[in-house]
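Below is one structure, written out as structure tokens; comments come after it.
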Amino acid sequence: MKKTKRYRKRNLLTSPGTLTYIGPDIAVKTKIRRIQYSDKIFRDEPAHSLSDCAPADQTEPVTTWLDVDGIHEISLIEKLGKLYELHPLLLEDVVNTEHKPKLEVYDAGYLFLTLKMLHVQSESPIEISCEHVSFVLGDNYVISFQEELTEDIFKPVLERLQASVGKTRKNGPDYLLFALLDVVVDNYFIVLEKLGDSLDRAEDQVIAGAHDLSLKDLYALKRELSIARRQIWPLRDMLNQLIREDNAQINKEIIPYYRDLYDHVMQVLDTIDSYRELVASLADVHLSTLSNRMNSVMKTLTIFSAVFMPLTFIVGVYGMNFENMPELKWHYGYFYVWGLMAVVTIGMIFYFKSKKWM
Amino acid sequence: MKKTKRYRKRNLLTSPGTLTYIGPDIAVKTKIRRIQYSDKIFRDEPAHSLSDCAPADQTEPVTTWLDVDGIHEISLIEKLGKLYELHPLLLEDVVNTEHKPKLEVYDAGYLFLTLKMLHVQSESPIEISCEHVSFVLGDNYVISFQEELTEDIFKPVLERLQASVGKTRKNGPDYLLFALLDVVVDNYFIVLEKLGDSLDRAEDQVIAGAHDLSLKDLYALKRELSIARRQIWPLRDMLNQLIREDNAQINKEIIPYYRDLYDHVMQVLDTIDSYRELVASLADVHLSTLSNRMNSVMKTLTIFSAVFMPLTFIVGVYGMNFENMPELKWHYGYFYVWGLMAVVTIGMIFYFKSKKWM
Amino acid sequence: MKKTKRYRKRNLLTSPGTLTYIGPDIAVKTKIRRIQYSDKIFRDEPAHSLSDCAPADQTEPVTTWLDVDGIHEISLIEKLGKLYELHPLLLEDVVNTEHKPKLEVYDAGYLFLTLKMLHVQSESPIEISCEHVSFVLGDNYVISFQEELTEDIFKPVLERLQASVGKTRKNGPDYLLFALLDVVVDNYFIVLEKLGDSLDRAEDQVIAGAHDLSLKDLYALKRELSIARRQIWPLRDMLNQLIREDNAQINKEIIPYYRDLYDHVMQVLDTIDSYRELVASLADVHLSTLSNRMNSVMKTLTIFSAVFMPLTFIVGVYGMNFENMPELKWHYGYFYVWGLMAVVTIGMIFYFKSKKWM
Amino acid sequence: MKKTKRYRKRNLLTSPGTLTYIGPDIAVKTKIRRIQYSDKIFRDEPAHSLSDCAPADQTEPVTTWLDVDGIHEISLIEKLGKLYELHPLLLEDVVNTEHKPKLEVYDAGYLFLTLKMLHVQSESPIEISCEHVSFVLGDNYVISFQEELTEDIFKPVLERLQASVGKTRKNGPDYLLFALLDVVVDNYFIVLEKLGDSLDRAEDQVIAGAHDLSLKDLYALKRELSIARRQIWPLRDMLNQLIREDNAQINKEIIPYYRDLYDHVMQVLDTIDSYRELVASLADVHLSTLSNRMNSVMKTLTIFSAVFMPLTFIVGVYGMNFENMPELKWHYGYFYVWGLMAVVTIGMIFYFKSKKWM
Amino acid sequence: MKKTKRYRKRNLLTSPGTLTYIGPDIAVKTKIRRIQYSDKIFRDEPAHSLSDCAPADQTEPVTTWLDVDGIHEISLIEKLGKLYELHPLLLEDVVNTEHKPKLEVYDAGYLFLTLKMLHVQSESPIEISCEHVSFVLGDNYVISFQEELTEDIFKPVLERLQASVGKTRKNGPDYLLFALLDVVVDNYFIVLEKLGDSLDRAEDQVIAGAHDLSLKDLYALKRELSIARRQIWPLRDMLNQLIREDNAQINKEIIPYYRDLYDHVMQVLDTIDSYRELVASLADVHLSTLSNRMNSVMKTLTIFSAVFMPLTFIVGVYGMNFENMPELKWHYGYFYVWGLMAVVTIGMIFYFKSKKWM
């Protein structure tokens, strides 16, 4: 896939706030799931109508997680937006699959995060695809939006909730958001591992001096690393902002978990940087291998020319047809010439040895 | 067009504040249009005299948009400046088509923005031209100045106003300014798409290993990207300043729209950066393709020399005219020589295969 | 001129504050001119004695401009310094032609600015020379110091004062300083234009693929741009400081003019940066042109070798003197050989066409 | 060892806060040592059960140092964590050998530091391995965690404590932490020295023009330097934070020691940077040596071709079999040809001397 | 001298605060001189015992300057430290010749500065050595420490004090410190001049196209510039800190002198940067000269091959021994062949002229 094609036509020159989905065409219907839980309660039901999507009553102490799988049905997203009283510009960002990761705190009392899930689309040559994922964190709910591209990525969280493993059930929507983000970041490590494998293969080839290693592979790897970096980098600031600022939505006890997440993102970025350096130095080593080979080709050529040119000249001399060429009549002339040529050849070889060309 | 020619002679060494138009010569007369609207009213009339350009009475609750199409008639601009009580240095920036994008807040209670509209002048090789656009945002008016180079770029906004589509009619001049800026930024996306197409073509050529791809095309593309970046980059700070600072001219409810615009500008800049990286890596791949080809040319040359030089030497030997050359008299001497040459050739080929040059 | 020679021996290891002129030796006497003006008054007289240089009485509402043309007469500068009660270290900076541009606010109530006037010394290859210019802005006076290298650069301001054109006469010394700085900055644009012309010529040559274009010219251009940038860059901070801070010497109404100057300096720096980029990409294009030519030279060489080596071998074969060589006796042997050679040649040409070397 | 393999599978997609050891498999049991000391007391005992690890009573004025040697027994680490009431996320960082160096101040009243000890694993080619080391500084205790990879690195501190040399016994846990960090930083100097030796060997080879120096060695050196830098760099900020901020755990009189440590870290980083520069310039010199050699090979080839091609042509001319070739019948024709060839050769040599190719 | 050897073994793994001298071994005894002066008094006496080194009584209004020449006698430095009540870590920095330049303000009421004096050790190739110099500024004393490597570098200050020239005698220890620092900075200019001379020589060689100019010289120059920069750069921050902060030890009237010093340091750094740029562009020009020469060598080779290969082929053809070769019997056949060869040669020359290879 051409990288430049990643960017597709936005709803240009229309009134701002008009929702337009620009991702790939998808035939499947949006799947929505409403999970409600507290320490004791756990309800998980697919939403068939809009009323199934409504947040829990403020009086009931449960956390609602609305897991929206598919963002191509604009009208549905708009209705959900109205139901939860979300700002139209927020919805525009939810469906704009080209939008950069960002965090926005709305005065109305909810947080909005959008970021990219990375998937390894093909392993050799390695190719990464991005999935647009967004979260809204309200007082007692979390809404997660994801493109209907792969299976539900939040399955591990759902299973932990169901099994009541870990601290998720005991905490509110802020911890749930953390758990969901943690899944996304953990996924980065999986992508990193695949990139690392790809890098290892390239390194093996470079060290083996494989002369058919295409630099294109290295450049492709570099490009994928650069894309991954660009998509993950903003997370650093977003999480930092969440940690530093006082957000009504995030409890103070939950902050250390976000700080931990921040450390993981830093580790991912650090690894990407070290991979980038490695790719650069592999390319350098590969180029220097190529240039060494060129040198050795040139030297072989020079040695051949330098040895055979004088010899060919000598035999040419005695191929001349002058009537008066004394050497031609010598009885051992022919053998003297062979001797002369042996001397010339040995001299050349010594000369090249002294120059360290052989 | 030479890029260096973009900069033309300013009014140097004259008294500061003297207006001088330095853009291309234009025969057409400046077209001015005064649009006045509120939720209920909509008046759109071309201005024939200066009095047609006057702002609305403070008592009447309408927003005035003065759309000035052409900035080459200095005296007219000066008169407009006096009518709206604008600072002479502001007018100097309006007509200075070389001026960098900037935002300036005047104490007199109006904002001044100047920026660049980008147009794709030719598609192959891609060439971008800049149009100097300025805005003044007052309490109840917006003045927009544009070079008389292309058709009116603000037509979509005018049409939305006329049709009363979207929120434009319901809001004041701050929202109008946003709508106008949004048109400019949306246009950047259109330019980006053309640049992307151009990049795709170059990528196709590089991957096909087209040996007639001129690096000049890639460098031209890189230059246009660099120009676009330079012209758009200041917008980032300008919009940031509008969002952060308390400006009397911009209503708090309108701020989210400017923040959205800011996001779009960031997206444009981000895409430009990824295009720049892509151009750089295409150039690298292209250069490495060239150097691979050079290597293979060198290898062919070496193989030819190394195979034919010894053979030519051998046939030279038996072309010598010595009287006493026993081999010449052997009955199968000639065929033995062919055998010898076959052995030498096969030996060479094995040697080169072992060196992986063949 | 060697650039490293620009730096000449300072008064090292002497007591600090000792004035030493380190510019080129100059035979001419320092010319001093005292201009005094207010809205109504205008007096312009060359100063013959020190008393002619004294500032105006505080009671008289006039602005004094002391235009000192020549900074090589140390004792004179020292006397002027005492007359206006200037700090000795300030005077040291006035005469130190190597000093970097800087702004310094003295507690005694005056501002000190030193910067560089740029001149184009030779056009091809372009060479820029720097002139050391300093200003002292007091309550009711401006002193300007310039090297006695070129004609008086402040003539345009003087003429405007005389003719009472523009706002200069109506304002105080702060506006005068602005007008003088404006002349310096306007001069940068003139230098830029010459640099741009030089760049255009280089671009023409590169595009024409001129193979005698010396990279040295491009590097020289790059160096001059780098020098210009280094000399102008500090102005950015200096003007910024003037605008931001409350300086007793500069009136609030004059600030917008300084801001305008700041914009111009930014425009100059921006243009220099784009020129630098252009030079870099011209060098890249030139190098790639060279390498293309090298490739085509190599290919020609390879084709010649590859075509003629087998042919020469073949004719060598039939130049051998074996007694028993059946082909030699064939009646059409000679013509068969020509046929063979034609086949070999055509085969080669097809091979190279298939490899796209021809 | 592949560098990319350094990163091994973390406990992905499990509940956050779950401890997982990801370092190499280790068969040895964790060794724990509890040292308790004050000015007068000194107790050093290996801990066999968890109760041996407990901190000293708050009433007893002794400093406890718990030296944990091995972090692969998760359950043990967890129990220690509970004993000292440490945050589970802190323990996660203790056992995560991939974690970046960081400092974290916990509200519960203890500091947490994690950093990397560097070891030289092999000297030629130089290879550095990282050991994950963590410290917890409480009111009256320090806990140090290290991987069970090498011998106990804190032996020098233990010996000083035993011998009551220096200030360690007289001060509290803050000075002990400093002493332990000092050992780590001193170790960096030892690693630096080995890197410097390796660099010296490479420099010797480059200066001797060794044509078998593999650029790979230089790139490997560069990579190790880059790894060392990445691991040490965060220490800078960590120590700075310790110095600047008011930490209840660190006494004001001890701060200068930490400042000294900071200076040492800066010195290490500075040396690494200068080594990196040196490696880069060695690579440049090496490449220019290679390219010089290539030039000289090319020149030799050209001289051979240029000298022998005309000679071979001349002898070829007189090898032709035309019936009517007057020169062949001249008595001294053969010798004239030798003369001609001498003239051509000498002419060539002069030509090349004039071109400075010989 | 190998640059990496500059760093020698520190007292690793010993108790912090233990003084260890790591500079070159020196046989000479430390020379100490105590100068005491006020406006009227001047006493200069070599110190033979520790009591000769004591500071002046607080009651006596004199400034004491203790000039310590040699830092290799650890015990002496320690005794001096006790006499003046200096912090042990300060003394460690005094004798650690590897320590980076830094400024430290001690609570006990004295300032500590350590920096590097630069000397040109050899001129061709240029080599710079660093001398470790430290200063302690107390209420009424300055202590200067220098390595016993060269003659006393502070002689000019001593002479000015003796002769009572300039302002030194009239001011306190803060001005004395300035005067001493000024000597160090003035010395940088002297080193710069030598570096500039070296650069001029290299530039002459590059412009003359000297083909024996070793790139190694340029890289060596670059390295020395980089070392100088690294040693001088921290001075910028140190002086800035002295100017900005309120230091009890430095009088407000003396600040402008320090500001002047700061300007000089900036000028030094600026010149170093421009030298570095120059070295880089010289290397570029040199490389492009080399590559031009390579091109011209290649072209010569190609022309020779292309001209002589067809000629050699032609004469080869008529050297064949076929019985039936009609041309051989033509009366003017031999001369026709010469004509043919002339035509081929001229054709080739035209072809190469058209390709601009000749």
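Some notes on this structure:
When the chains are written out, they are named A, B, C, D and E in that same order, and each has its own residue count from 1.
Note that a residue touches a chain if its C-beta (ideal position, glycine included) is under 8 Å from a C-beta of that chain, and two chains touch if they have at least 3 such contacts.
Here's who's who by UniProt: A, B, C, D, E = Magnesium transport protein CorA.
Owing to the predicted nature of the structure, the values given are computational and were not obtained by experimental measurement.
Here the spacing of chain B and chain E, counted between their Cα centres, is 43 Å. For chain B, the set of residues that touch two or more other chains comprises 298, 301, 305, 309, 312, 316, 319-321, 325.
Taken together, the touching pairs link the chains into one ring where each has two partners.
In ring order, beginning at chain D and turning toward chain E, the chains are D, E, C, B, A. If you check the complex, the residues on chain C that touch chain B are 156, 160, 165-168, 178-179, 182-183, 186-187, 189-190, 192-193, 196, 199-200, 203, 207, 256-257, 259-260, 263, 266-267, 270-271, 274-275, 277-278, 281, 284-285, 288, 291-292, 295, 298-299, 301-302, 305-306, 309-310, 312-313, 316-317, 319-325, 356-357.
Chain contact summary for the complex, chain E toward chain D: residues 2-5, 7, 9-10, 12-13, 15-18, 87, 89, 92-93, 98-100, 102, 104, 211, 215-216, 219, 222-223, 226-227, 230, 287, 290, 293-294, 297-298, 300-301, 304-305, 308-309, 311-312, 315-316, 318-321, 325, 327-334, 337.
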